[in-house]
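One structure, pasted below without further comment.
So that you can tell them apart, the chains are marked A, B, C, D, E and F in the order they are listed, and the count of residues begins at 1 in each.
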């Protein structure tokens, strides 16, 4: 009996974890946290670093907020969430500046701007403030992995086309003509738009396929009945 | 319903204050831990740029703050490891501890956004001896060549600042002329403008300093 | 140590300041709002279909809180959703009988006389303005699918005779089709009402049969065969007075099949032979309409 | 009961129509581009024709693939994709690699037209969307110009004049030290050098393939206007606005700011006015709006050419004005009769 | 370039702004004198042929009626009587096809083949000597309506409400619709009737001056009217107007003559002006001369599907099919039959519909003329804006109708559209703009009624 | 004076907060579906930006010079509280104004443009006046982008955008094209 309960709980945690990676992907599905997803993704490395920073902040703040959710008075909850998040963000900011100054420079103010990333405050308000510690942390990890994944996809394509490199390694040789637009602002918008278009396309194709299969199955059963 | 019951004002104030207090303390801790490393990184960055301008003989650099009279420089003690805030110039020092020249940070409007540069200036010969771009958002592949294009950078190895620096296209003829990067005229122009503007401010001060120093030496 | 003191002082001071400010504001500037409103609205489907008689889900939620409406009025919500709302509000669900939209015309392609060919904007509302459409019967279905487009729930599809078939499983009785039909052919009826008059023309006798082979010619046989007073002929059309008739006897002697015993969808077993040769004309027109629509709507 | 399919057609009034049709308008604009294409080929050599052709192929191919029509000509029949391709080709610099021209054509159709739902729905001029994409993606090739190989009456064999860069492999570049030329606007902005107005008028200067020959563009514009294939207010407003703003500056300081005739004859303003600004889809529908659009365009062109970082601004200015066209349309609704 | 020239060249003739120039196509009939349509067997008299309340019948099936005898009385103030055009028997009162496409209640009269059908009507008083109320009542019981097309009861127009006054009266002789020549022929053949009718109207409304606006393509009509006025020194002026569609629309006509715009939602009466059709004036004069109520009217029958085009004096109620047959309809070739003009008329699906009081023309076209072009996307060329005489934005309105944005439709003044079809006429993409406008008006009405 | 002009123009069009810095994207896409809404949002934005610029300048000059490491947290708390306070005041004093502007205020709290403005003006060492010019420029820039976007989107509602790009994807494409068009302003006034 106990193991069954455990399994159920595990399954639930797993669900909370997995949903953020794809089904409720913060960037591609919920279209949240856009500022950093477009601003810093002119290289893959930036994307990874930003993702890691968000991971840290989101997990820590979700943990703390879900822990304290019954203590925090409702009218000032947003202010307190912000204080908590800002503290963690400042910590990340300083740490990055101390450990990897070049990366810190290329991410610029966007590390600090994690504070106002709708993704983080959104998770705090919508999830961590209403759920237990375990679920909140699982949700936070899933969401930030989904976020990082999206950032890597965007950053990868932008760096590859815009600079001819991936993580600094040359892809196309010295005569490559870089598509400068990809690392400029318009490239960010267009890349994300193109990804959304592609996902919509694949979704429609898979739905069409499902529909066709369902039709075929129905025809088969009806044919049998008629026979 | 529970949610509709109003918490007391004292509780609101108390919880917000406590969270502020805790956050403040945590941040001080983080700050204290990371402070030395961050300052070291900043100093490193300046050092790297100064070395690039003044070459392999450079040993280190000194920091000078603009005095409150806006006319004289005051040496700043770097032993604390931190760079000061405010208007600063750096002095490049060779292995013998001799001052080789100054490295002056300057910034101004570029093609896209603010460009920040550091340039080496020799007040006695009245010329620029080198230039490094610290920060720019110029167009990749075109404008950002101001930091990477060797031919363009060569313009600044011995650039006379009297009369004021001029931008030309094609053939460079005078000692005070800078040959623009083709296709990035505006960015090249921006660098020249930043230099001229910064020199207007620093030239008399640095000249006075140099005169003071040489005077002291002669005496 | 000084650093810590400064930081603590600044942060606490700031927090204190803002907290006091907000606390004051919270105390003196608050505007009262029923917190349940948001929750109830969140529980509603949010389709704003208006079937409940309110202008939208928000208004319905307000009505629910005022207790001037029962949760069951929402025809879109499933019974469990209705139950949930009722439980939340602590009121009776007041579940309504399932109702669906019914079409009062059977004069599809090949059955009703077409006098002229309509060309132009492919919409019933537009066609009815041009000499009342190409059909001879001015009361009949125009077959240009305004209802199909208007249906939010994807419950209406034109069949091969260009007649709209309402899928009773998907229909929520929201009334959009009733509103959109320019010749007012739809009514909302309880699903249990089986006797449906599939004609809307007041013409009688030969005049009616001349324009449509499935028109009601007001012969009165159904009224005669039904229990006393259950069916009455009013203005050339039978009116079913007792909706819960359990016998399909009244339809047996109808010479034109204008009155039908419907179980489930209408036109489910369309066995009337087409008057035109080649039933594919209708489907060709249907696909042409669809093509037009695609072209005009991108 | 014998019944036959109905003879009579019922449609709504009016039962008469004026003659002109949308495909006919397209055809006339297409016809007007022919002399411009020919002149571009004459001035910049066979390579220029290849560039135009490739851009057109890119546009038509994109339309074919993205419109989802596999039978018949589909939306290609209205000729708008063809026109977009040709216009894009005419705005490109002559020595651009062909793969870029192809890419530009495809982007023009995909981003400029198809995603908006096709002809008539787009907000931005498709050809210019394609060109803006190329300009942002490949700033260097897009600002590398070659000198004309022919003048009006003499030529150094234009049919063989093909720049080696034109044949760069896809995604690659050819590194050469070919002599480049500057556009008259570039010369004026960066080197303070003027250009003879007559060379501007007859097209003996560097620049995009279709923009150099002013006299031809003026003639094409007049022809189109005489066929009522364009809304004359738009080019007139744009050109006079450029004239007014540049003359004002010129009067203030004639040494720093070039004269109005130079501003009108150089760069793409004439080409833009005849072929881009007159695209009805992306410009205001109201007559007052047309004047506002033209005035705004002229202002932006002069502003960016003189105070901006780029020597040429017609493309950006048109795109910016396209962006505000919905707002202009709203603000300039005609007064209804009786109000 | 022509556009530019047109803008520079100011038209010397008075006219309104915008509008279109369709081909006139009046040449086949404008020289043909008005002929009489022979009597047929059955006449259908729909009870609602005019704007306003339908007329309740005052006869029963089987009853014998004389030519000119009333078969229906006015159903209210905004309603008129209806008279039998022939001597015969009332066959039925039932639903019959109406040119608007619906089946509508009508009195069907079977003509007596042996009756003489002579003009023999009760005498009426002299309108210029009788009390105003009496004259108005006589006009109402004569079944008089505007013959221009809208069929608005004439007595309502001639009655000036208390507190209002009328400064000018205008007769509309523009006949701007292509193909139609019935008003033209009336002006040429009966200028005296027109002027006399106008005099009656002038005295009824108490106007100090009268104007007759005639388009310049009817020079003979202008000459005839001027001659008729010249004989009697009257405060009436005949104005030649530029040939342009829709000059004959009331508001456009007033703009052309007085350069004043009728405010939105208001009537010419608010400008102290009353407008009537020339045909109506002639019919009023004839009524007071002979006592003949409105039982016949002049109809232009033309189009490439009729071999003998004509201007016919047709008894009201005659089936369109009979009229067309009389004019030599090419059987099997006609693809479209229109009642009214080619710009604002109605296409018919059933040729058994009757000629009404407001029927000014019957046009039959073969497939050569009827070209239904495929609709193309709107390219926002703005030609519809240049054509619209009330300065609307049809292109945008069409899009708003398609997306059913009812609030926006009202904001863009859709209700000021009077469906002149100039926008559809010029649209190079063949978008059914007027039709969309009509649908849009329906949407607005529906929204208003559901509120 | 020239300096102020450049700061203003740079923030408004050359380095438009939305189209080149990607700041304030959520409200940019969220409330740009109607021109009317966009106008109000733009007004609210400018209002809050100017207040933010002022209050953070005060905070930075008079309080934080002792503890720069508290900048981020102090700024964000200050912005959040100011906005919330302003919102409450408007809600109480003028329901009409609240209906017009107030509902956008909570959206603005978590708008990165506000915090970014505060941080940028601090790191660039702008004084009070420069800060105000910067805030005004940023506000005008956000408003401009918002208004243009709203105009285009409202126009798009009249036609049928293909299903695959309808919604978010289309918005990104429009923003991308707009961003390309705004590149034309690069270098404006910088060389004069």
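Structural remarks
Following the convention adopted for this analysis, a contact is a pair of C-beta atoms (placed from the backbone, for glycine too) under 8 Å apart; a residue touches a chain by one contact, two chains touch by 3 or more.
Predicted model, so just to flag it, every value in this text is computed and none were measured.
Think of each touching pair as a link: the shortest run of links from chain E to chain F has 1 of them. Counting only chains that touch, the fewest steps needed to get from chain A to chain C is 1.
Identification of common neighbours of chain C and chain F yields A, B, D, E. Ranking every chain by how far its Cα centroid lies from the centroid of chain C, the top place goes to B. Distances between chain centres, each the mean of the C-alpha atoms, put E farthest from chain A.
Two chains share more touching C-beta pairs than any other pair, namely D-E.
Averaged C-alpha coordinates put the centre of chain B at 45 Å from the centre of chain D. One finds 50 Å separating the Cα centroids of chain C and chain D.
Work out the mean CA point of chain A and of chain E, and you get 69 Å between them. Taking the mean of the C-alpha atoms as each chain's centre, chain A and chain F sit 24 Å apart.
Those residues of chain F in touch with two or more other chains are numbered 20, 69-70, 73, 77, 81, 84, 159-162, 165, 170, 173, 176-177, 180, 183, 186-187, 189-191. Within chain E, the positions touching two or more other chains are listed as 101, 346-349, 372, 396, 402, 432, 435, 438. Residue positions 3, 12, 15-16, 19-20, 23-24, 27-28, 30-31, 111, 139, 141-142, 186 of chain B are each in touch with at least two other chains. This structure has the following touching chain pairs: A-B, A-C, A-D, A-F, B-C, B-D, B-F, C-D, C-E, C-F, D-E, D-F, E-F. Contact residues on chain A toward chain F in their complex (touch as defined above): 31-32, 34-36, 38-39, 78-79, 82-83, 86-87, 89-90, 93-94, 109, 112-113, 115-118, 121, 181, 184-190, 192-194, 196-197, 200-201, 204.
Of all residues in chain F, only 35, 147-148, 151-152, 154-156, 159-162, 165, 170, 173-174, 176-178, 180-192 touch chain D in the complex they form.
Those residues of chain A whose C-beta lies close enough to touch chain D in the complex are 172, 175-177, 179-182, 184, 186-187, 190. Those residues of chain C that touch chain D in the shared complex are 113-121, 126, 129-131, 133-134, 213, 275-276, 298.
Against chain E, the residues of chain D that register as touching in their complex are 6-18, 20-25, 78, 118-121, 222, 225-226, 228, 231-232, 280-281, 283, 285-287, 329, 333-339.
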